[in-house]
Every structure is written in C-alpha cells, then in structure tokens.
Amino acid sequence: MSADTLATVKPAVELEGITKRFPGVVANHDIRITVQPGTVHAIVGENGAGKSTLMKILYGMQKPDEGTIRVNGAEVSFRTPSDAIEVGIGMVHQHFMLADNFTVLENIVLGAEPTKAGRLDVAAARRRITELATAHGLRVDPDRLVEDLGVGDRQRVEILKVLYRGARILILDEPTAVLVPQEVEELFQNLRELKAEGLTVIFISHKLDEVLDIADAITVIRRGTTVASVDPGEVTARQLAELMVGSELPTPETRESTVTDTVALKVSELTMEAGAHRPVPKGTSVSVYADKLRQEGGRLLLDDVSFEIRKGEILGIAGVEGNGQSELIEAIMGIRPAHGTIELTGQDITTWSTLKRRESGIGYIPEDRHRQGLLLEASLWENRVLGHQTRKPARKGVWVDRRASKADTARIIKDYDVRTPGVDTLALALSGGNQQKLIVGREMSGEPAFLIAAHPTRGVDVGAQAAIWDHLRNARAAGLAVLLISADLDELIGLSDSIQVIYRGRLVAALDPSDITPERLGGYMTGAIAGTEET
Amino acid sequence: GDGGGTTASEAPTGGASSEAPKSALKVGLAFDVGGRGDKSFNDAAYTGLEKAKTDLQADIKELSPSADGSNRGDLLRQLADAGYNPIIGVGFAYAEDIKKAATEYPEIQFAVVDSASNAPNVTGLLFAEEQGSYLAGVAAATKSESGHLGFVGGVESDLIKKFEAGFVAGVKSVKADAKIDIKYLTPDGDFSGFKAPDKGKVAAEKMYQDGADIVYHASGDSGLGVFQAAAAAKKKAIGVDSDQRQTVKETDLQSVIMTSMLKRVDVGVFEFIKSFQGGAKGGSNVTYDLKVDGVGLSTTGGEIDDIKDKLDAAKKDIVDGKITVPAKP
Amino acid sequence: MTRVGKYHVVLLGIAALILLMSLVRIVSGQNDITSSGTFAAALGFAVPIGLAGLGGLWAERAGVVNIGLEGMMVLGTWMAGWAGYQWGPVAALIAGLLGGALGGLLHAIATVSFGVDHIISGVAINLLGPGITRFLSEVLYKEGTQAADAGAGITTSPAISGKWEISFPILSDGPDLLGKLEATHWFLVADLAGILRGLTHGVNVLTVLAVLLLPLTFFVLWHTAFGLRLRSAGENPWAAESLGVNVYLIKYVAVVISGAFAGLGGVFLVFISTKYVEGQTAGRGFIGLAAMIFGNWRPGGLAAGASLFGYADGLQLRNQGAVTSFFLFGAVLLLIYLVLQVRRLLSSDQPAELVTRGAKQYTTIAVAALGMVILLWLWLTVEKLPNEFVYITPHVLTLLVLLVASQRLRMPKADGVSYRRGEQH
Amino acid sequence: MPAGLNRALLTVAGVIVAVILAIAICSAAIIIAGASPLDAMGAFFDFGATERTQSNGIATFLNRAVPLFIAGLAVAVGFRMNLFNIGVEGQYRIAAICAAFVGSTFSAPAPIQIAVIIVVAAAVGGLYALIPAVMKVTRGVNEVISTIMLNYIAISLAAYLVRGPFAGVRAEGELTTTTPKLPESAMFPDLNFLFDWLGMLAPTRNGGLWGFLIVAIVLGVVIWVVLERTRFGFNIKASGLNSSAAVASGVNSKRMVIAAMVLSGAIAGLIGLPEILGDKGAFNSNFTAGLGFLGIAVALLGRNKPVGIAIAALLFAFLDRAQGPLQFADIPPSVITIIQGTIVLLVVVANEVTNRIALRIEERRAAQQLGRNTPVEVTA
C-alpha cells in the first residue's frame, strides 16, 4: 500500500483517547490507534496489557469510560456487539466462542439467521456458508457438531462467523495460540486473501515472529497504554519484545543434558477406546486386543503408545491438539481407563487410583488451569492442598493441616514469585500467570519423581514464562522426569531432551530437539511428513 | 366402636336445663389440616361451633394448623392459655395431642372428633360412619340394576376403611352376590388423595365402565371427580359427610348424587358444647350413631324416597342391635 | 444414525411395545392394559406432567434451571379457579397462563437480573406459590364473601361451568367403531383400537392444545431463528452475546413462557376438576421436571417420560390387578434380552479367546435369568399386591426405565450457570 | 482479617435489608387483607402473657427449629458437592419408622436404647440415600429424578410398614395407625432445667424443650468440623467447586458421590427423631411431613454452612410458631409462608449484590497492593 493512497482513504478504525477502568485496574489508558483499510494491523503487548479489553470495546462488548471510536471516518458508539456488527466489524475471540452442541452451521448463523416463512432457512444458510468457505479457502462441513472439531477447524468456523456477517473489519484476538505452524501458515494465507479483497484485519498475538510475518503495521501496548507504533520492516522480534516489556526476551534453551540411566516412567502399549472402556479379556495381550478393536473399526484415542522417560529427562510430546495428548495425560493420571501398562520407577501402577499415583510421586500441571487445576472460589492455601490432601504438609491424620498448608503456600508464593496479597486471597483474584505459577509451585512440592507439564506457559507473559522454565530446568537437574506437552514449539524444542510426535493417537516420530526446526516439527505433527525415527 | 361410653342420646340430658352464665362460655376449636373452608369435615365442625355462638352466646375461636400439621398440640395449648374452655380438636389426628394437652390442663375440658376419650377431661366424639355407610350400601344395592357397585376412598386410612366396611356390609345384606369395586387413591400419610378430583374421576370411571351403576365415595374433594364420572356415564353416586346434593353447586352434578351419607360433626360439636355448659365432664365417649341420627342418609332430591321403608327397617335393625355393622373391612 | 433412521427406530420400538402389551394382555387376561379407558386416563395424567415438563424444557434450554415449576403450577391453578368461576373457561385459561407466567417472571428477575442461584429461586417460588394462593383464598374466599356463596371455601374455588370435550367423530363417537373393535378383545386389533379410542374419545380441548404444544415447541426451538438463539443462551450465552443476541431478553422470554406452561398445566388440572382445589398439583411440577430430565431435555423424550408416568398411574388407579402383569411384562423383556445375549455369545465369529466372555457377562446373564424366573414366579403367585405397592407403580417404573435405558443424558451446557453480561469465567 | 470482616459486615447488612424488605412486602399483603401489620408483628413476638405460655412458646419455637436445622444440614451436605438431594423427605420418613420400630422391640438402659435408635435412624436414612447414589454412580441416573421418585415410594412404604409389619397396638377407638410405643428408656430427657437456670418456669408442654436439641447442636458442630477441617470435607468442597479439578487431584468422584449422599441421608434419618424421642414416642400416620422440603429452603438460606443453617432454622421456626397467635389476631397465617419465601429470595438477592460489591473491593485491594492500578507513564 503506497503512501499517497493512505492519505486519501479514510482510516478503517481510529481509536482516540480510549480509557477503560475496571475496579482497581486501569485496563486501557488514553489509547490511540489508527488502522488503515486493507491492512493487517497487529497489536502486541504483555499479558494483561489491555489488548483484549480494547478489542472488546471496539466490538461493543464493553463500553469505554472515555475516548472516541471512528469507523471509516464516522464516529460511532456501540451499545452491544450487534451495533458493531452493523458497521461491519467482526471479532474472533481469544477463547473460542462456540456452542459445542451446535452444528457448524448453527454456530455461524446464530444472531444473523436467514428465515423463510418463520422457519430457519437451513438450505440458504448452507449455500451461503459453502460459498464463503470456497471463496476464502476455509474448509468446513456445515453439518458437523462443533464438539467433534479440532482447534484448526474451530478457528475457521470463528472466522466464517465473522465473514458471514459481511464484516469488513476483522478482529482476531490471539488466533494462532492453539495452531501449529502449518495451520498458522494456512490462516495467514487466508488473511492475505482477505486483505487483497480490501478487508481490514486487526491481529493480536504473543508470537512476535508471526506478527512480523503478517502485519503491515504494529502497535505496542504496555500497561494499558500505546507505547509505540512501528513498521514491521524496521524492527526485529527482539526489539519488539523489549518495547513490550522493557526486558530481554528469555529463551527456553536447555543447557547441558542431565539425563540419567534410571527409568522414571515407562509406558507400554497404552491403548484407549473412543467408546466405553471394556477390559481386555484374560489371557489376551493388549496388542492382540487392540488389533481386534482396529478390525472392528473402533476409533482409538491412544493407539499402542509406548515410551520411557528417565530421571533428569524432559520428554516433549508434540502434536496438534486433539491427537491424544489429553487422553495420554488422563491415562497416566488414572483419570480415564486405558489398556497397557504404566510403570513408575519400576512399580506397576496401571491399576492404581489417581490419588495413589499422585502420592507415589506424580505431579501434574494441567492443560486448562481453570478447569482442572484450581478451585477459583477457594483461597490460595486451599488450592495448595488440592492434590496433596493425603500428604504432608497438608495432612494431619484425618484433618487438613491448615497452619502447615498456609506456611507452605507462603513458601511457594515467595519461591515462585506469585503476586498476591496473601494466602487467603481467592484464586480467582489472581491473574492467569500468577495462577499458573502457583500451580507449578504446588506440583513441584513434595519432590515428585515425575511431572506432567501440559502447556505450562500457555497464556502466560514473558516474565512468568521465563520463571516457569527456570523451575522446570532446575527440577530436571535435580533428577525430575518430565513429560512436556506444549503447543509452543519453541518451548518444546528448547526444553526437551527428546521429542515424540503424537498423531491420531500414535507416536509417529521420535526426534532430536537439537536438530529440528519448528517447521519440520509441524510437518510431522500434521502428518505431512511420514513418521521416521530420527535419533 | 362404642368404647364403653355413653351414647349421645344420654349425653345431652340435663344439658339444656341448667343454664350456665352465658358470657363465660369461651369455646376453642382446632381444625385438622386443610382448615376451615374445606366444605367438608372441618366446615361441619365449624357449623356446630357457630351454632354454639348464636344459640349459646358462646365466645368462639377456631385455629387451623400449619400445612404439615406439626403444631396441632401447640394450637390446643395456645387456646388453653388464652382461656378457652372447652376445646375441641377436629379429627382423629388430634388423639395423642389432646391426651397430652388434657393432662397439662386438667381444669379444661377437651373433646376430640373421631377418636375415643383417652383422659378424664377428654370427651370422644365418635361417629358410627359404618352404620351410615351401611344404609348407603343398602340404598345402593336396592337401587342398583346391575348388582355392581363401587367405593372410592380418598386416603387409605382406618377412618375411611370404616366407610368401606359399612358400605360393603350394607350392600351384601341386600345382594349377597353383588360385586363391589373398591379403590383408594393414595396411601395413608399422603393426604393428596382427598384433593385429587382427577384421580377420583379415573377410579370411578373404571367402575362405571365395568358395569357399576352406583359409586359411593369417601374422598373429600376427590368426590367431585366421582360425580363427574357418574354424570358422564349417566349413572349415580353417593356423597359423603354433608348433603352434597346441596353443597355441590353444579346442577349437572347435583342430579347424579342419589343420596349422601351424613356425618353430623356439627351436631356432635354443638351437643358437646351444650353438655359442657350443662356441667358434663369428659372421660367418656359420645357415639353419634343411627340411634341419635348422628349419621344417616340425606333425602334431598327424593331419589331414595321409594325405598324409605327398607332403609328404615335396616336402620331399626341396627338401632335395635339386631345387626352389628363391622367397622373394619 | 441419520434422522430418518432414528425416526424408524422409534416407530419400530413403539410397534414392538404394542405387540408386547397385546401379548401380555392376552396371556394375563387384563384387558385394561390396552383399554381405551386406561389410555384416556393416561393421557389425562400425562398432560399436566407434560406441560410442566415443557415449561422446564423452555427454561432449561435457555440455561435457567426451573425447580419452581410446582409453585408456578400452583399459581396457575389458583388463578384459573378464581377467574374461571367469574368469567368462564377462557378467562380461566388466560388467568392460569398469567399466574404461571408471573411466577416465571419472578424467577427470571431473580436468576437473570440478579444472578441468584437458580435452585434457590425455584425453591423460594415453591414456598411462595402455595403461600400466596392460600393467602388469597383466606382473603377472597372467606365466609361471607360472594365467592363463598358461590361455593368457594378456603381450600377450593367455586366451580367453573362449561365443558370442553371433543371426540373423533364416527371412529370414537356415535357409531364408535373403535369402541366396537376394542370390545372384541382380538389380539393386537383390539389393542390398537383401544389405544386410539382412548386418545380420541372425550378429549379435553386443553389436551389437544397441550399435545400440539409438543411439536410446536420442537418447531420453535429447533427450526426457528428465535429457537436457535434461545438454545444458544443455554449452550453458550457468551458466544450468543458476542454475536449480538440479547441473552437477557431471551432468558426472560424463555422463563416467562416456562412459567406460563406450568400455569397451563395448572389450568388443565382445574378444568379436569372443574375447580381449584388446594394441593391439587400434588407434586406434578417436580414430576414434570423429572420427565424432562428423563427425556434428555427434548420434547419427544419428555412426552415419553410423561406418558410412561401417566400410563402407569392411570393403570394402577383403574386396575390394581393389571399392575401384577408388569411382572409378566418384565419377565418377557428379560427373556428377549437373554435370547439376544445368548445369540451374541454363540454366533460370535471372533477367535474364542477374544470374545469378551468375562465372568461379568456370565454374571449378567445369570442375573437376568434369575430375575426372569423371579418375575414369572411373582406373576404366577401374587394374587394381589398390597395397595401401598400399587400406588407407587409409576414411580418404580420410571426408576426402572432410567436404570435400564442407557444414560447418555446431556443437559444444555450452560444450564444453571449464572450468566452476567460481559463476564466470562 | 479486614477483608473477611468487610465481607461479613456487608453480608449482614445485606441480610438485614432483605429481611426488612420482606417484612415490608408482607405488610403490604396484610394491609390488603384488611389487617394491621403491627398486629402481625405483635403476633410474631407475642409469646403470651403468663410465664407458662412464654416458656411453652419458647420451647415450641426451639423444638421446631431442631428438625429444620437437621434437615438443612442434610440437604447442605449434598449441596456442597452439587448433589441435589430432594430425597431428604423420603429418607427421614423411612428412617423414622424403622428407628421407631426397632427402638420398640427391646428395652435397655436409656443411653443404649437412645443410641441404638439414633444409629438405626442414621443407618436407614443413609441406606435409603444409597439407592440414588448407586444409581447415579453406576448408571448415571440423575439424582433429582431418582430422589423425587423415591420420596413417593417412601411414603407408600412407610404407610405399608406402619399398618403391616411394624404396626403396634393402639387404644380402643383410636384411628391413627402407629408403631408400637417406645419404652420409657427411649425417651430423650428434656432440657427443661435450662429454664430453671434462667429463673424461668419450665415449659409445661409435654416433652418440654426437646433434649434432642443437644444432639442437633453436636451434630452441627461435627458437620462443621467435618466439612471445614477434615480431608473428607475438603474433598467435598473441592468436588463441589470444581469437580474436574477434584478428579485430577485424586479425589474419587464416584466414592465422593456415594459418601456425600449417604452422609446426607444419614443426617436426614435423624430429622424425625426429635419428635419421636421427645414427644410422640412412636411413628404414626400423622407424622410430620414436609420437613425435607423445608430443609432445602433452610439450607439454601443458610448458604449451606452449619451456622447459617442454624440461623435460618431458627428464623423459620420463629415464624412458624406464630401460626396460632396470628389467627388470634385475625391475620391469615399463610403470611408465614409468604414471609419465608420472600426472605429466601431476597436474602439471596442481597447476598448476590453484596458478594459482588465485596469482590470488587477485594480485587481493588489486591490490585492496589500490587500497584497495578497506575498506568505507566510512557513517552511514545
């Protein structure tokens, strides 16, 4: 886009002096951004910098306390998202906004339904969606239930939702957080096409390489305020990061290997059926039984997964979400039954309960901290007790040892730099990063022999990220075996001693992190490169 | 049952003659669950109380218990504390509570409807429902063309079983081979059976469909459903407690009510108050039976006038003790 | 399974059920199993339950748990009785709807606007419904009032005049062909005739309305834009909000309609009794809620749940003896199950070691066989069940069906979640 | 802990506002009914003129609170785990009749006799609650449906038992069916001495102030300790707040469902005992019904915490006691139910509002302490 066209065309979006206060927090303070039409405009900033809030304001979900918004030159004031939709703004949210039990079609047309004689005109909707999908290269099946879709598909549904409403200005809040590189590339291809058609895209991401790749302009937000507007051609990722936080970008590099010869965790022939779990008949081996299941045409969520993790080793599992990672974790934690055997430091723990597994030294940083890791409406010290009810210091006979628990929580707060007023604060009052640090601290206490770390730094800003990485590395040096699952491939490559790729429930490749790039890894993850042993 | 007490014909003697100071008469009455305004049992008791107010210039107070009936005893005490004497509990559920209250307040006279005296200052006001029901059975069997009759009971309690027992005996006395369908709507303890016209209707409907031509009900408000079923089947029904041909307001239903088995709770209550005024003391039962017309059949509509002789004969046999009507099925 | 496939399976299931019922009727000689009277009674009992259930469905599909159906139903009965005796059945209908809707509105204000826990609000309404109506009766129906002269008491309203019953001409009325067929007691023919006649003879107009409300609800909720929005409020209100759907409004409308349906259930009871009787709802709001859960938050399932309950209640009221045939019924079902199991066991072409022939399977078969024998024995020996066991037929049956039916219930995902605009946790 | 204090103060303020509002609403109703709200207020506080009526009134009030409190506890134990035990009603009925019957079959020294009865009641209540629990755990049957159905079944079953196998003799001319009378050793000693201590006349009402009050208090304390201080209680709380997090942390959800349900049922089993052991001496066909349903309201009003439940139970009992006095004042007694319903509704609304305010304050405090409320000054 040349300079003189920019001058003649009115900006697609102009935000001026936007201020938004929440109780106790100024989320946005005097924000000024100008987005030119037909461009991809990136907004970057730390966790909690106020990006999402700003976008919600632009989308009419929240009202600014001060400031003006102009769209295509005209001043607007949105009361609800429908007002924003009216003027052609669409938003893809940071967290998926989809009804799982609805079909793709229903999710897309919701709120803008075509009707015929009072009836929902499904045929017309399907036609329109198919049209849009082919026009923009967004493959979807309108009649599938969203709950059956993978993240990439869901992301496409989200974008289609926006396009369906004829939006000319797209807000994408961290759309790539859950995508693998290939999918990111696909998305970017779509965005470029949209841009070519004259649509405007506002793009938020923590992944600065991507930002530099796609953006035509970048605005940096720090602590609720715009601190810089930069041209992607003129900055490096490192400079951008420094603008964001004023500190150096940490890397997840592991230094020297601490891998020992002692096997901490051994998983063999782990197999999980999609339907109800039926025990393997007596006298039959798991592999024979699994063969039978395959012949029956049943879907296997985990298919003959075997691996070992030695003390001091971090094994990274790479994979597109929905390929069996969650099931693997659940099987190892004993939350969901599976066939095969699991051994912890030489002991067969296959039939043990989750509790017994935890007691014998398995730590677990869950992938979704709100769903599996925290009691949001309980105090921090009670969250410290969670998962450690039967162990010191939380336990004293049948009682919960409140004093010792509180003391130990204070220790975690100190050691892990959890920013909180005290141990009695409710967990929900903490920001995501601090919540995550608390969980990491909790799971590291009691000297676990083996730790499952699922997306340990997801949605956590750079500072907290570095701290969590350090803790993982230190524990590894002390002999901890770690199963690391992460969508952040840099993290995965940087931290792991070895990497296995999971694809459709199978481990398809074992890779050496020292000579693999995220792109190649992504190839294995999406099945583009057939599985090989590369050690 | 005549728990060894006097009968009503003796009880009121001397009551009317010795006039007590009228202004001092403060009568308290505690209803059974449902309370006043149920157009049935409780209201009948209230009619008696009101009569005491007008005829005896009594100062009256009536209380309804809470929906779960947990405070029956407390109502009695509150009446006693407020200076009411005598105090009447309406319904057999009061038996235990009256007994206790009576020992706590020995100076006060109590009466309980449908239950026997169980303390020196308690009068049991008993009704021979089985005798009245016997007559209803005789009337039904005599009037029936099909020899097939029905009985719908609201709640399967021993009280309602008295109605059933009398009715069955009455029918059998006329037609030993008569077929009698019997259905209760809810088990004891679930009192919704007195408030379920829809259930009463279904139960009676079935009886009529099977060929019954007269159905007797003892099911409170559920009886309405029985009458509806009768109207739809163009057959007859027998009401209960009060003269339902008068109390039921729908004209199409009135005409199906051949007769009603009257249970004169109003008489019982009034007579008790009157005899109290005359200085009578408790410790015994007063049985309102056929002899004193404490139970009987209503004649509104004149549908049983033609069998009056037969009914009178049956009544006489019972009064004379030639027939003993069973109180249990 | 495709939609057509599902539909066929349901039809086949119903056909098999009727066949089985006919069989049991012939063997046991209990004609009431499929008599028109039983089915008419079943319909009468199923309708108020179904209406309450529909009320629950509307609210819960929009994400608001409605345990207050009973209270709303009570409000409906009282209002219908009060308006009905003065201005006739149409007024009763409208007033009953309004009474229920008022309860719904209260629930909506508490849960939607104030974000109160849905169960608490419902429980409060269940206290308030009977409390308010009793109070109103105590004030408006007390001795000496006009209403009292017209036949009101504190526990009842005066009667409503007017009868609203219709029959299907010729088939179930007049010549009454179905009735004649039913009287033949022929295998299957009489059963079908009985069932059809029961559902078409002397049917209350409200029944027709209520039955029509089922497909209507299905149509509105699953085939209109409004329905999609309503259901989205129960699945993911934040998503709906982000697409410009006014979730608060939708929830309000849904909960008010929910109350109105519960109220309509009350009106139905009043119409059947021709007047308001205190306590005549007798927990039907709760049973309606149960029917809705039973039916997996869907109109069809809900109708099945309400019908099952209504049928069992109707049958036990009409014929205690017929209830014992359920033993036979259960025995036959177990027999079918056994045959299927054994066939599967024998016909398996898998290598022997792979057939899941665990001790567990043998145990199930043994238990089923034992159960069958016991049921048969019970059927042969039990002359008459104690009445107390007859009354609970519908409840026991509901529990048994729930135990046997595979449990893949799925409630709306955001059902019972307190939703605040602009906040997502 | 000022944050906690703040919260507590706000909550109390909210409750007071709610109660005042509820009273205002009911006053309006009373005025419409043509009576005076002041008379109504008078009736609620009118415990009679004589010492005797006062102490009887107080005993009535407290006696009513005891079963309500126990019922509230029973419901709350389930609720803490998001288990909606509507079946408390049926559980206590079955437990009461079984306990009354078993207690009548033998005669032992009072402590043993009473202990056995309590144990039987708790066991039967727990067992009856085990049915929906097992159905839920093994077949996924929603406990709302199963407990509703089991309530009806309990009524019939109790009716069958009290007339059949468990029937006792009754006085001639008495129509109430009943279990055999309990021996004297089964009657729980009353607490009338408390009145003596306070220099008041002991209640003359039969049964006096029920001694079961002590059991209720002990039970409340025990439940509080179990819920708030033990690992079991922690697991219940965790399962209730976030069941998937609880499962991931090693809590066996199925076992917890069974344990919580059985505990709830066991407590429910005791609901009928105050009446049986303090007054009736038997289970009969007029046995007080509906306490299980009231228990739901009491538990919710008390926010599922023992202290709150105690307050709620006292409030409900206080209102219920006025059934008679209100009628003496010619005020429809149904205002009691209306006040109860209104208070439940308004108190939770007030709770919701104050909670939100408290949360705001807490967040602001947290943010201030972290210094996050001031945006950085930046030069672009």
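In order of appearance the chains are A, B, C and D, and numbering begins at 1 in each one.
Heads up, the rule we're going with is that a residue touches a chain if its C-beta (ideal position, glycine included) is under 8 Å from a C-beta of that chain, and two chains touch if they have at least 3 such contacts.
This is a predicted model, so every value here is computed, not measured.
In terms of the stated touch criterion, the partners common to chain A and chain C are D, listed by label.
We define each chain's centre as the mean of its Cα atoms; on that basis chain B and chain C are separated by 37 Å. Taking each chain's centre as the mean of its C-alpha atoms, chain C lies 30 Å from chain D. One inter-chain figure worth recording: chain A and chain B are separated by 75 Å, centre to centre, where each centre is the mean of the chain's CA atoms.
Each of the following residues of chain C touches two or more other chains: 130, 283, 388, 391. Counting partners per residue, chain A has 376 as the residues that reach two or more other chains. Taken residue by residue, chain B touches two or more other chains at 67, 156, 187, 190, whereas all remaining positions touch fewer. Which chains touch which is summed up as A-C, A-D, B-C, B-D, C-D. Residue ranges of chain C in contact with chain D, taken from their complex: 106, 110, 114-117, 119-121, 123-128, 130-132, 134-135, 138-139, 283, 286-287, 289-290, 293-294, 386, 388-389, 391-392, 395-396, 398-399, 402-403, 407, 409. The touching residues of chain B, counted against chain D in their complex, run 1, 3-4, 61-71, 73-75, 77-79, 81-82, 92-93, 95-96, 100-101, 103-104, 114-118, 124, 126, 156-159, 187-190, 285.
Residue ranges on chain C touching chain A, taken from their complex, read 223-225, 227-229, 231-232, 235-236, 238-246, 350, 353-358, 410, 412-413, 422, 424-425. Contact residues of chain D toward chain B in the complex are 48, 50, 52-53, 56, 60, 64, 93, 152, 155-156, 158-160, 162-163, 171-177, 204-206, 275, 279-280, 284-291, 320-321, 323-325, 327-328, 333, 336-337.
Interface residues of chain A, counted against chain D in their complex, comprise 22-26, 29, 222-229, 333, 335, 353-359, 364, 366, 371-378, 382, 385-390, 395, 398-400, 402, 419-421, 424-426, 429.
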